[in-house]
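Structures for review follow.
Heads up, the next two complexes both have chain A, just with different partners, chain B and then chain C.
== the complex of A and B ==
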């Protein structure tokens, strides 16, 4: 397309430059009933899956219809959301912290009509555009990351794996039959952008091979001490090395050496140094973690723990992943007590029972071996079940 | 990766306009970069920051942390931005011929 200037003048880049204005204030976008009753809400109820009602002091009610979103969306899709908001909600809508979409109306009839309308919208392939749900003790949206769509350090894809798992668990999104709400989240490398370290069930991109060292370029592209310091296990050290370049010259360069038997494939060094790539088609895959939570409800917040050491990447449908997540969800749903999060359940019955009930295989990969704190994760008691 | 020519010198650069090899740096490089970094003229203050970055990189193999740059040169972050509108990383380090900043930038 031909260039169309916005009015920005590259010859005078700082002229008319607006900066540090921050985000728009949320109050500009409040639906009238929300603005009016802000800070005066009395109680709420979940009318039915995907539909909440909040009651204000003066008697005002607001009905919220929550629907799923793919998070990665086109402008066309956002316009479709706006069209719905224009038609039903006076042009107002909001996105939740798990990237669901919420439409607010003032009567139950409107809310039910809206829910029905949303549930009827489909993409050409047949997928629901705006499936209603995500409330109460069900399975809500999956917080996820960039994957092969945009990041350079992933060991798997985010949008793909999430679509697979939410297809598998779809009926739970529009129901509330779990002991407590189940938060599933996904990160495509162990940078863990997002919530994998603190979710009921977490899907994590994992490498199994050490980096490949591009000696010819390393000193040119990388700050070597940063690559050395990036390693959590001291597997990298600086060194000089004689190499033959692509053009055939022999020369000695500053570079790094990696002790492969020390490396545990975190990929941190690649984040700092472009000459240490490590992604690999068959090496890379998924780790599943479980039992994390962020709320203080009854038990304190918990980290999620590794429960499956490796599931291969199987694009586009990741069948082993879908099956394994389903297995964990079913075991939890049928065994846990009301209000128990996955971690509360696992800790009450004991992790040995968690593995037994979920049918997951326990291997040495699950035993912590990272520095002094690893010791505290072993069992210093005779209290265990056979 | 592209090769560009400026005032009779050749520079190999990446898609963000960072020099691929520090050893290829010359004063012409700074001249070449300044326009794309919103700098009309390289002043003494600019030069002082460029010199410090290069010395620090040669000595330590890394770019200095922003606080070290400020403390050592006497320029507050605000002044660094006035000199280099793109900031110490994309502006000053690029002009000084240092490798591209990495990490979750």
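== the complex of A and C ==
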């Protein structure tokens, strides 16, 4: 493994440095039919699952074949995508905002051939490489995060939980039989990188134990006031404490104290301070939320709401998670009206019916108790269903 | 032969959805075989060790990445997320496993030539693992060592004419929906505006100068395909302010069953024949549509442009011709004060090169927030702390009813002294002349 220079000179680091050039301009990458008809599209249709057609003013058509992506992918996999794009699409492709992959061609015949080809590709373990779907009123890709693959604050894994849920719901990716498209998202802690707070169904990594305080190191590694200010519920205060170090020395240090009964395990103090780790095998797990959306279609955008207070982490296949998501999806698919998103449905029938129809258990954990706005989530009416 | 046994991860190789485990295993295998004789610049077994440490996390239910990590390239204050594993003796291949964020082309269109070059670069100088893409939009190159960061940056900028994305308390990498490139509802060129704003504010993106992070996202219409209303501090959402264009012949074709509603999005289930009353007119949130002599009528003044009717009948109904965008501010995830979605700040603005009016609004907000924002206070939280009225005045607007869903119901109303006749400087002696103690 011999070092190979790129031409960068570490002795003169600022020499020949190029900065602030930004991304490449998108026009360099557009397929010809897209470049030609940009801004001139008239209408579209979904020919069949995973296959879109857009019609331009001049009559041009572009057919798009959408296939699932694992988001976490190797350069080998990206090269495989490129080989397909070279073979079928003149070397063009794109990715969607939900990390699916789209290939564009100019005729329906080519598109169908491409769809068939994509669906036939498999990994050695048997999973599809490029399953076609993700269009219309079905269940599309799951927006997700880093999990145990790369992040230091997760309460669960992202890639694993997502694979489990998409295996469970796989047949819906290539079909369009839901009342509306169902957006599922996943975040491995409540920083909620991504879309958990605004999805039809959301999976959220959650802790249930307060941080473990590394008193010996805390003042050396942390800016104490930042850790204090990191707490949404004021559970942390600065303090002095006499400790015995790992080497056996007794000394008094500046550190913090945490009121355990006031901590709700958000983990934000650990984000700010390495001496406050809190992850835990049995304490950590998942919260399920539902009913959020970002579009303005008919109803306004909605936040997702907590509907399952805790599901344990069960790696590698998280069976309770898979079963619970399936339960919510099936209740929604069989009961909701056409065009209703999960939140539209839940609000129309009432959340008391949502819990009944999905068979989910309601507990005190669902009742908001965070500051003044909590009041507005309680029921100031006699309008309810038995 | 794999370096580590991964019995738990192996169970994620089965099932129909593309297996990240199978993919990483294949990449591990390719690195061992190295048919291209690549001079790998980080450990050959990086992928094996990633699977090894991930397997350990699956066993003990906890992450094995150390807290934080501060690495980067000279000249920039962000762009690289440093990461070190907490078992470097067992898994030396991922002792360093830093992520590089690379600014993606807007709309995420690529040529295989570009991706091929990027793969060559990353295969040699990194793990060969990626995220296509990070939630903010970046191409994520997942896993390399500190000494490679400058080398990769040098190659990216010199050979690929591509820059890093953002991280830290700065403008993060902007992203957009695919806009006019392949959608009939795009009310402005999201890709171009996204690109131009990214270039305009390169300094703010690469060198953190803000109280906290700040994100832009550009949606072409209120369907929100890049979710800007939920995932950007400043959300730009296209709209129009004239009439929806109606092709009555196409309306009749929908009613006659010749065209599937919603582009055929619901064709996997039998929902019955299309019923324009039930599926469009009765679902319109403002009830501003009706049928008259077989023609669809819209009272556009009462339309809130929710997109439902256009979404159901893309071949009959089109966006208006007088187009622009709305700006909403303050979206954020829960930490600290609770999740927020964007609140309407600018109801309508035209999108016209060189976008000076839009830049003025952006800079008005930044000037206010950079001065007033507390350490790690998102714009949305500053708006909660100091009030929406402050945000409105920061961009030189005056309040209009469109700024609120509803007026306040508590009467704790502040007045500025200058707006109250006689001011606040009062003498108790004057009061006592008329009111005995």
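Points to keep in mind about this one:
Throughout what follows, the second predicted complex is superposed on the first by the 386 of 386 C-alpha atoms of A that agree within 3 Å, B and C clash if a C-alpha of one lies under 4 Å from a C-alpha of the other, contacts with A are read in each partner's own complex, and residues count from 1 in each chain.
Methods note: a contact is a pair of C-beta atoms (placed from the backbone, for glycine too) under 8 Å apart; a residue touches a chain by one contact, two chains touch by 3 or more.
Predicted, not measured: the structure shown is a model, and the values here were computed from it.
In the superposition on chain A, contact of A:220 is made with chain B only, not with chain C.
Once the two complexes are laid over each other on the shared chain, residue contacts for A:205 go to neither chain B nor chain C. A count of residues in chain A touched by chain B and by chain C gives the higher number to C. By the touch criterion defined above, A:343 reaches neither chain B nor chain C.
In the superposition on chain A, A:95 makes contact with chain C only, not with chain B.
In the superposition on chain A, A:21 makes contact with chain C only, not with chain B. Looking at the shared chain after the overlay, A:13 reaches both chain B and chain C.
By the touch criterion defined above, A:50 reaches neither chain B nor chain C. Looking at the shared chain after the overlay, A:176 reaches chain C, while chain B stays out of its contact range.
Comparing the two complexes, residues 13-14, 191, 226, 274 of chain A contact chain B in one case and chain C in the other. Chain A meets chain B in the complex at residues 13-14, 191, 217, 220-226, 254, 271-274.
Put simply, chain B touches chain A in their complex at residues 20-22, 38, 57, 60-63, 85, 99-100, 102-104.
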